[in-house]
């Protein structure tokens, strides 16, 4: 207690020191009939710590470079228009805050990757409550540390992947918070590459052309309570360690190569409370090890979970598998993963001792699933009478499906996740 | 009226009709006789187009019956065992045939009245006795006043009264100039009706003669006896 | 022909089986839409019914009916009626009543519970399947005079198309797994009316995404507008060919 009071006093002292050094911070107004008609001029006149208040209106000022620690505040969403030629806001200083703007029509050149807002090598930048429309990249962060991207609405409407950038693009950054953004119609909703110690929380990414969330070489991150719907290929998490994924919803990622989540070369991750609803494939695991998935819901997917044979030591426990065409498939006969106490709606066993766990083990791999995995064209026989007969006979007398692909303690009733 | 030229019919190895030639003329009443399985019914069915001959032609009124159905409008056919859709009633069968024939002329309803079919119109065909079925067949055969009557065992199963009614009707038709072709095992039944005899054996024509000629050549009083005489003397 | 058709249709309607069939289809469809929590699952259940029951019922009922119509045919043949007209009337009567039973039984719930695009497709495909298997029934019942043999042939035909054919296709998949045989298989599948119908409907459902590359090949060949025309032509061929052969045989048949 005493210690914290001392700390507080120290902080107060430091604050006083800064204000003394810079003099009192002022507020500069920009707009019609205001001191400055242009943001650029206001910026030039400002000093570190100032607040620039922009009143509503249309501002076509080309590229605005912010190289001072200022707060840029928009009143009634003033419009910053890049006229499809310029990057609009380039933040090249730390301690910048951008709040309440409508930023639209950034340039399109693929060489410099222009963004609606781009942060270059800065710390402690906050981008909050902005509306970004029809930009190439929405918010682009490179070498950013400790930045907050919060409650922005980001949308674009390109039809082709190569003509569209990402909604929130983060590259070689650390300690970011991406919170409560809504991202639609970009190439990837949120893109993370070489980003560490960050959190992605309460975002909604839907109708993006490629992935709702695209993760590569980004260790020690968490994404929690996000909603990914109807993205071209779902969500991809690749070449990454120690990711925590909780309470996310992956919905309606239908398509030939669409996944709820694609895990490639992933290890030591934890998945809990996620909901995979109506995806072609709920989770696709390729070369992924030591992943613990518990209390997730797999509902009405084509494939609930596709576990390639190169996955090891994964634990799939206490999940609900309901209404999937295939609950689980694999492409090999050797399986080194454990299934434990999941609920499988296709389980037909009984529970004599009433401990809510079935007395007979469940083989989640159906014969048809094995056939299709070995021979994808056989999918053409889906819903054929013969396939139903084959599956039934295999259930009664398992002979072709791998024996160790088994849940020894299947639950009798769902967990209602 | 009907000309049968070199008709043959094989059922597998069995030769039901073997190169048969016949000339059947208007106003004749011809008895078609022979042992069981001699090809009588096959011949009748061939004339009706129900059986398609393996070779030869049948000329009806100068026209080949091959690929022709209209000539049947001139034929009244009474099958040996009438087979009818089981769950139709007598009335429905009569209506259906009338409907299909789409006949515009006056119908001959004598038999319909004499057999008192009106009282049984609602009876289903499957519930009928053999005799009643024959009555329906006979009624249908005469209904459209055909020029040719083909009667396969017409009196079999009929009670004596009905049998007499039918015979009277046959004679009436004969007097009206119809060509009548009858098969029957009971030669005595045909005694006072027929004018010609056709005797068949193993699909071949053995004999085709006027009754009068037959009787005089054999010196017998009845047709039955003439036939027996012929068979015994083996002059055929 | 219309006059004969009238009597055939009346006779089939009097036959309670066709009404029972319609009621059974209705019960199945309503209950599968009612019991399943979403319409697309119910639709898949109905699809199974359509692909199994409709062909079986059509071929069996038609075969038995044709054999039982022996007397009717005999009766008409001695009258000035063209044989082909009798046969066509029987065929039309049976087809129309099978279609009517299907549309009333399964079509109405389909229209109510699913979107029109799929419902109409299902109705079209189910109706075509009904007629196809009626045509096959005509073929199998003209081939043999013996009723038991004829019904046996019909059941074998159904079994072949519903079950054995798919087994054959699966066998081919495995035999030629190393070769690019997608196109061949797609073409082969189109040779079975049940398979063609099944895939045509699957392509309209969500699950089409699961059909993968072969599904895409199929979609390109049979799912486009022109492909749809080709598919329906193929299905029509399955009606015309068996019926035409049976008609030729019936013209030459001794009664």
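Labels for the chains are A, B and C, by order of writing; each one numbers its residues from 1.
Rule of thumb we're sticking to: a residue touches a chain if its C-beta (ideal position, glycine included) is under 8 Å from a C-beta of that chain, and two chains touch if they have at least 3 such contacts.
Treat the numbers as computed from the prediction; the structure is a model and nothing was measured.
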item	value
Overall pattern in which the protein chains touch one another (line/ring/star/complete/other)	line
Central subunit by CA centre of mass proxy	C
Rounded Å distance, subunit A centre to subunit C centre (Cα mean)	49
Euclidean distance of C-alpha centroids - subunit B vs subunit C, Å	44
Geometric centre distance via CA averages, subunit B-subunit A, whole Å	92
Subunit A residues counted as touching two or more neighbouring chains	none
Subunit B - residues contacting subunit C, complex	11, 45, 48-52, 69-73, 75, 77, 79, 83-88, 93, 96-97, 99-102
Subunit B-touching residues of subunit C, taken from the complex the two chains share	3-4, 6-7, 11, 14, 68-72, 74-83, 252-255
Residue ranges of subunit C touching subunit A (in the complex, touch as defined)	38, 41, 44, 47-48, 51-52, 162-164, 166-167, 169-170, 173-174, 177, 181-182, 185-186, 189, 195, 198-199, 202, 206-207, 209-216, 218
Subunit C partner contacts - residues on subunit A that touch it in the complex	254-256, 258, 278, 280, 300, 302-303, 323, 325, 371, 374-389
